[in-house]
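Sharing a structure below in C-alpha cells format, with a few things to ask.
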Amino acid sequence: MPITPYLLTEEPYYQPVDSEIAVYESAYRLRLPLMLKGPTGCGKTRFVEHMAWRLKRPLITLACNEDTTAADLVGRYLLGPDGTFWQDGPLTLAVRHGAICYLDEVVEMRQDSMVVIHPLTDTRRLLPLDKKGEAVNAHPAFQLVVSYNPDYQSTSKDLKQSTRQRFCSLDFDYPRAEHEAMIVAHESGAALALCEQLVDIAACSRALRGRGLDEGMSTRMLIHAARLIGDGQPVRLACRVALSLPLTDDPDMLEALDGFVEAHFG
Amino acid sequence: MPITPYLLTEEPYYQPVDSEIAVYESAYRLRLPLMLKGPTGCGKTRFVEHMAWRLKRPLITLACNEDTTAADLVGRYLLGPDGTFWQDGPLTLAVRHGAICYLDEVVEMRQDSMVVIHPLTDTRRLLPLDKKGEAVNAHPAFQLVVSYNPDYQSTSKDLKQSTRQRFCSLDFDYPRAEHEAMIVAHESGAALALCEQLVDIAACSRALRGRGLDEGMSTRMLIHAARLIGDGQPVRLACRVALSLPLTDDPDMLEALDGFVEAHFG
Amino acid sequence: MPITPYLLTEEPYYQPVDSEIAVYESAYRLRLPLMLKGPTGCGKTRFVEHMAWRLKRPLITLACNEDTTAADLVGRYLLGPDGTFWQDGPLTLAVRHGAICYLDEVVEMRQDSMVVIHPLTDTRRLLPLDKKGEAVNAHPAFQLVVSYNPDYQSTSKDLKQSTRQRFCSLDFDYPRAEHEAMIVAHESGAALALCEQLVDIAACSRALRGRGLDEGMSTRMLIHAARLIGDGQPVRLACRVALSLPLTDDPDMLEALDGFVEAHFG
Amino acid sequence: MPITPYLLTEEPYYQPVDSEIAVYESAYRLRLPLMLKGPTGCGKTRFVEHMAWRLKRPLITLACNEDTTAADLVGRYLLGPDGTFWQDGPLTLAVRHGAICYLDEVVEMRQDSMVVIHPLTDTRRLLPLDKKGEAVNAHPAFQLVVSYNPDYQSTSKDLKQSTRQRFCSLDFDYPRAEHEAMIVAHESGAALALCEQLVDIAACSRALRGRGLDEGMSTRMLIHAARLIGDGQPVRLACRVALSLPLTDDPDMLEALDGFVEAHFG
Amino acid sequence: MPITPYLLTEEPYYQPVDSEIAVYESAYRLRLPLMLKGPTGCGKTRFVEHMAWRLKRPLITLACNEDTTAADLVGRYLLGPDGTFWQDGPLTLAVRHGAICYLDEVVEMRQDSMVVIHPLTDTRRLLPLDKKGEAVNAHPAFQLVVSYNPDYQSTSKDLKQSTRQRFCSLDFDYPRAEHEAMIVAHESGAALALCEQLVDIAACSRALRGRGLDEGMSTRMLIHAARLIGDGQPVRLACRVALSLPLTDDPDMLEALDGFVEAHFG
Amino acid sequence: MPITPYLLTEEPYYQPVDSEIAVYESAYRLRLPLMLKGPTGCGKTRFVEHMAWRLKRPLITLACNEDTTAADLVGRYLLGPDGTFWQDGPLTLAVRHGAICYLDEVVEMRQDSMVVIHPLTDTRRLLPLDKKGEAVNAHPAFQLVVSYNPDYQSTSKDLKQSTRQRFCSLDFDYPRAEHEAMIVAHESGAALALCEQLVDIAACSRALRGRGLDEGMSTRMLIHAARLIGDGQPVRLACRVALSLPLTDDPDMLEALDGFVEAHFG
C-alpha cells in the first residue's frame, strides 16, 4: 500500500502532561478534526507522532509555508510521455488510504487555500479535486490534524472562523519543570541534575517573552546544550552555542542570557 | 450522465425556520439566481443540499477562495497525448447538464472573475467560454446559488452592484433556541436537556460578537461538544475542546467562555 | 461562417428614450466607435442587442474584468498536436468577419491593454496581432462599442484620454417612470398598476445613491419582484427577497428600504 | 520580403506646421533615432506615416502598453512540432529588413525594458537577442522613432536620461486654427465655415486643460462631429455625442462644454 | 570558437583622462573584478570596449534592467525536439571561453540575483549553475566588469556591500573641455571651433544638475548636434532638436537651455 | 559518486581565532545543524570550507537570494524526451550522499521556504520532497550549515524562531589586527609591514560603521589593495581603487577614507 512507509515502527517518546491522550483518542473515534495550539518546540509534533503510533495509523506530515497552495495539498497534473497525468498530494493520499494527515504551522499557509478542507471536515467527509473533476470520499480511518503557534498570529495571518469552527482543539505549553528535565535527560543522556539547571535557565528566558525576546528557549535547545556538554564542550561555551546565540542577535539580550548561564554554572 | 454522482440520494436533515422553502421553490420555478446571506455554520449549505434533494436536481458545489479564477469555474485546457483538450469546470458542467451550481463563500473569490456569470443570470442564460470560443446555452433545469457571510465583508471584498442586482436574496441566522437544541440532539444523539444547555452557552458567546469575538459558537460546534460528551469525555473538558479553544486564542475571551460553561455545568 | 451563431434571431425588446437609435445608426454608417455611459442595469446591453438585431449584424460581447488582457481580446497561442497554433479572440473574430464587438464594463479592464484597439479606431481600421506578426484589416461591417458606469470611475480606473477621444458617446439613465413601468410589465407579465408602485419604490431607493447606497434598484430587480409576486409570493416578502436584500447588507439601509415597501403596500 | 506589407501605398495626408519635414529627413540621413513629443491626437502618428511614405520605407508600428516587454519588441521562442523556434518581434523585423520602427506612447512601456534599444541607438547599431544568443546588425535603412505625451508623464513613468539622451527630438502641438480647420474639412468633407466654428470650440476646451479637463478636444474629435453633422445629425446633438461626452464624465465640465457649443451654434 | 564574433576588430576611439588604462591592465593581470562608476554618456562603455580591444579579449555586454534575472546571466533550459536542453547565458559563455563580461547599468538588475556572481569574484572563480547541477570553473582569461551611475542610486536600488566589496573600482566623469571638444570633432567631423562652443553649452547644462535637470548634456548629444549642423540644419534648430528637447520636458528648463544656445550662437 | 567534485582537494587557508574548530567538530559529531553569524567578508565561508576539508566531507554551497525558493533547495521537475523527470536540488544532493550543505546569506531567502529544512533538523533527519511524493532519509554524514550577517537583519528579513531554535550557533567578527595582517600577507604575498598599515586603515573605516558607512573594509579588500601595490600601482591609487571607491559613493565618506590612507602613507 502506498502509505505503508508512513507507518511509525518505533514508539516516539512522549511524556503526557494531562488528559490529552484520552481526548485525542475520543476525537479520533468520532473522526473529529483536531487543532493543536502552542509555542515553538513544546512537543506538538512529537505528540501527533506518538498518537499515530498508538493508533497504528500512518502519519503524513506537511510543514506549511506561505507558498503552500491548495495544489500542494490535493495534488496536481504533471506532464508524462502520454500527456498530463494526475499526482495525488499528501492530503489526497491520506484521504484515500486512511492516514492521519498533519498540517504543521497551518497559519503560515494561505488561509484561502484552506477552504479545500471544508467538505472533509463536516459530515460529507469528501475531498473535491476540482481541477481533476473528481470527489474523493474519505477512507473511514482518515483524520485531519493541524497545529499552529497562537503567539505568532497577526490579524493578516489567522485561521478564518469558518475554518476554525470545524475543529476541536487542544492547547499545549512547555512541560512542567520536573517533566522537562526528565525529557532533556532522556533525549540527551545527560545527568538529571545538569538538566534541571538547564530547565531553570530556560524558565528565565521564557520570562523575557515579549520583553525583548520573541520566544524563550525550547526543550530542543536544552537537549542540544546537554549533548554538547556530554561531547566534552565546556558548559558555558555549550550554553552560548546552543542557547543564547540561536535565540537572539540583540547584544543586550545576549548579555542577559549569558548572565543566566553564569548565575547557574558560574 | 456525468452529473449523476452529484444527485443526493438521502434527504439532508433540515429544520425550516420560516417560508424559505417556498421562496426557494418559487425562485427555482422562475429560474432566478439566488444569494444566501448569513453567519458561519448557520445552515446555508445544508439548506441548499436539502433543496437540491427536494427538487431532485444534482448539486455541484464550489468552495470559493482568493485563488478561485474564472478558469476554475468554467474550465481550462489541459495537455493530453494529442495536444490540449478542454475540460469543463464545475459551473460549465452544471450549465450543460442542468444541475444547481452552488458557489460557497462567493465574496472570497476575485469579484472581477465573477463577471463570467453575468450572461448566465439575465435573460440570455448563456455561459461564454471565451478561451474556447464557445457559448453554452444553459440547460432549462440549471440554477445558480451563491452564499456569503455579510459580517466578513469589507469594502475590498464585496460583490459589485452589477453582480448583486442579478440575484434574489434570502438571509439566514442561527436557528431559534428550541430548533437549535433539536438539531443538536438529532445530529449528536445526545439528550435534549444537555443540548438545551449547550444552546444557552452558544447564545452567551454570540452576544460577544464584535465585542472580542469575531463569531459566536456555531451549531456545528455544539454538535461536536455533545458527541465528545457522549463518547465519555467530562462535560467541562469537552466544552473547552469543542467550544472555547476553537473559537479564540485570546486568554481573556477563553476565560469568559469557560465561565459560561462553568455557569451552566459547574 | 464562424460568427453566424452570434446573429440575434429574435428582436430584443427595447423602449427608446430619445434619439439614441438615430444616433447609433448614424455612427454605424460612419463606422465611428461608440462608448455608452450609464448606471448598472439601465439598459445599455439591451440597447446594443437591439441595434445589432436592427442592423442585422452579429454581436460578440465580452464582459471585461481586471484580468482581461490584450490576449483575451485578440487571441493567443495554444498548444496542439503539432505544436502551438493561434486562436482568435472575440475582438479578432469580430474584426475579421464584420461583427459588432461589445466590450461591457470596459473600465474594469487594464486600460493599458486597451491600446490594442487604437489602430482599429482611427482611419487605419487595423488590428495588429503583435504576438502573431499579423495585422488584420477590419471587415467593412465591423464596429466597436464599449460601455461603462461613470459613477464607479476612480482615478485609478479610468479610460485614458488617448482612448476616450477615439469614441463618440451616448449617455443613458434609468428610463422615465411611465416607460419603466411599461418595461417591467412587458418583461414580467404583471399588472401595470403593480409595476408603477414598484417603479415608485425604485425611485425612493435611487434617491439614496451616495447617501448609504452605492446604487439604486435597477429595472431588472423590479422585474424579479414582479415575477415572484406573479408566482404567488406575498408582495412584501417578494420585495424583500428581490429588492432590499440584494441591494445592501447594511441593517439601517435594509430597514429604510423595507419602509419604502411598507409605505406602498402596507 | 516579409516587410513589404508594411510599405504605405497611398500618401497619408499631412499638413506641415514648420520645418519638421526637413529635420526628419536630416535625422534619417544621419540615422539618428527620433523622439516625438506632443498632446493626444495632434498628428504625431500621421507625421511618421507621412515621412515613411515620403522616404519609401516600410513602417512597423507598436502601440506600447504597461505589459509591453522586451520580448514583445525583439521576439520570443514559440513551441512548434520540432520544439521551440524563434519568432522575430516587430523591432527585430524592422532591424533586419530596414524598416522604420515606430514605438507609440513609449513611456507606457516598462522603461527598464527600453534598455534593449540602447545598443541600437549608438554607433554599434546592434540589437542583441540575449535569449537567442544572437546579435543582429541593423540594416542600413533602419531607423527608430518613438513618441509620447509629455503632459502625462509622472515621475514613475518617465524615460530614463540614459535612454532620452540617445534621441533627437521634435515637439508637436495642435495645428494652428486655420490649418486645423482645413484638416477637419479635408478629412470630413464638411464646409470650411462649420469646421472653423468647431476649431473655435476646441480652442475653448483646450483652455480648460489642467483646470477640470485632462485634455482639450483633439482634431480627431472635430472630424467626428463634422462627419455626424454631414450624416444629418443636428449640430448640437452631434457636438454632444462627438465632443462633450467623450471628453469628460464630470457634470459641471459637461455643462461648460455644452455651453461652448451653445455659444457658437445656439 | 563560439565567442569569436565578440572580438573587436577595430580600435574603439578612446581619449584617456588619467591613469585608468594602467589600472585596468593591472586589475586584469590580477583578474580582479572591476566596477566603473560615472554619469550617463561619459564614456564608460567606450572605455571597456577600448580595453577589450587592447587586451585582445572578446567582450560580452549585457545591458541590465529590472527584469534581468539570474537566468538571463547564466542560462536556462529551452524545449527542443528531444525535450529540454540547456542554453548558456552571456555570463556563462564568457566564463567558459575567457571573455570579458560587461554588465552595464548593473544596479538596475535585481541585486539579489547578483549573488550568482559571488563565487566567480573570489578565489574560487567558479560559476555554479544551480538549475543545471553544474559548476563551471572560470577560463583563466575571464574577467568581470560592471558599471553604474552613482547619481541614480536610491536606497532601494543599491549594490549590497557583500557584492560591492568583491570589486575594485574606477570613477569616471565627463572629459575635460579640451578633450571633449576633440572627441566631438573626431566623431562628427565638425570644426573644432563649433565643437568648443557646444562643449561650453554642455557645461552650462551640467551646472543645472540637481537644480531642475536630472542630468546635463552628454558628449553623445553634442555629437548629434554637430552632425545635424554638418548636414545643413540651422545651428539653433539643431541645438533645440539634439540638445534641449531630448534633455527635458519642463518649459522653464527648455527656455533656459535655449537661452544658453542663444548666448553662444545668437 | 555524484558529489565527488564537491570534495576539497587542497587545504583552504584558515587562521583560527578561538575554539571554533573544536565546537564545529563537536557539532558535526552530534550532527547538530549550525548557524554562523558575522559581518561581510570576515571569513565565515572560508571557515566552512576549511572544516569540510578537515572532516573530508564534500561541501555543497548555495548563495541564497530573495528568489531562492524551496524548489531551488530540494529540486524540481524538468521536461525531457519522455515527459517530466525530477532533478535533485543542492540540498537533496547533500542529504542523499552525505555532504555538508552550506546555505550562505540564508536570511535573504524567503523564510517561509525555510520550513522545508525543519524535518531535516530534528531527530527525524528527513527531507520530504512534497512535489515528488518522496521522503529522503538523510545520509549519516549529512550536516546543514547556514550563515548570515546579523547587522543586515530587519524585521521583515529574519529567521523565524521555529527555524532558529533548530540550530546551534557560532559568532564571527573580523580577525584581530595581528592575525588579519598575517592573512593579508599570506594571500597577497605583500610585506607584513605594508599589510599592518592596511589593517590599520581598515580599523578606521570599521569605526565608521553605522556612522555614514554600512560596513567597514573587509579583509578581502585589503588583499586586493596589497595585490595592486605588488603589481606596481602607486599605494594611494591602489587604496582608492581597492578600498575607498568600492566601499561608498558618498563624496564626504570618500574624502574621509582617502584621508585615512593619506594619514598612513602620505
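As written, the chain order gives the labels A, B, C, D, E and F, with residue 1 at the start of each chain.
Criterion: contacts are C-beta pairs under 8 Å (C-beta built on N, C-alpha and C of every residue); 3 or more make two chains touch, one makes a residue touch a chain.
In UniProt terms, the chains line up like this: A, B, C, D, E, F = CbbQ/NirQ/NorQ/GpvN family protein.
Only a predicted model underlies this, so the values are computations on that prediction, with no experimental measurement involved.
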item: Subunit D and subunit A - chains in contact with each; value: none
item: Intersection of the contact lists for subunit C and subunit D; value: none
item: Copies subunit B and subunit C touch via same or different residues, half shared test; value: different
item: Gap in Å, rounded to a whole number, between the CA centres of subunit F and subunit E; value: 31
item: Inter-centroid spacing, subunit F versus subunit B (mean Cα positions, whole Å); value: 53
item: Touching two or more other chains - residue numbers and ranges from subunit E; value: 79, 82
item: Contact graph of the chains (line, ring, star, complete, other); value: ring
item: Touch list for subunit E against partner subunit D, complex; value: 5, 40-41, 61-67, 72, 78-82, 87-90, 93, 104-105, 108, 149, 187, 214-215, 217-218, 220-221, 224, 227-228, 231-233, 237, 241-242, 245-247, 249
item: Partner subunit E, residues of subunit D touching it in the complex; value: 19, 22-23, 26-27, 29-30, 32, 35, 37, 69-70, 77, 79, 82-84, 110, 112-116, 118-119, 122-123, 128, 130-131, 133, 135, 150, 153, 161-162, 164-171
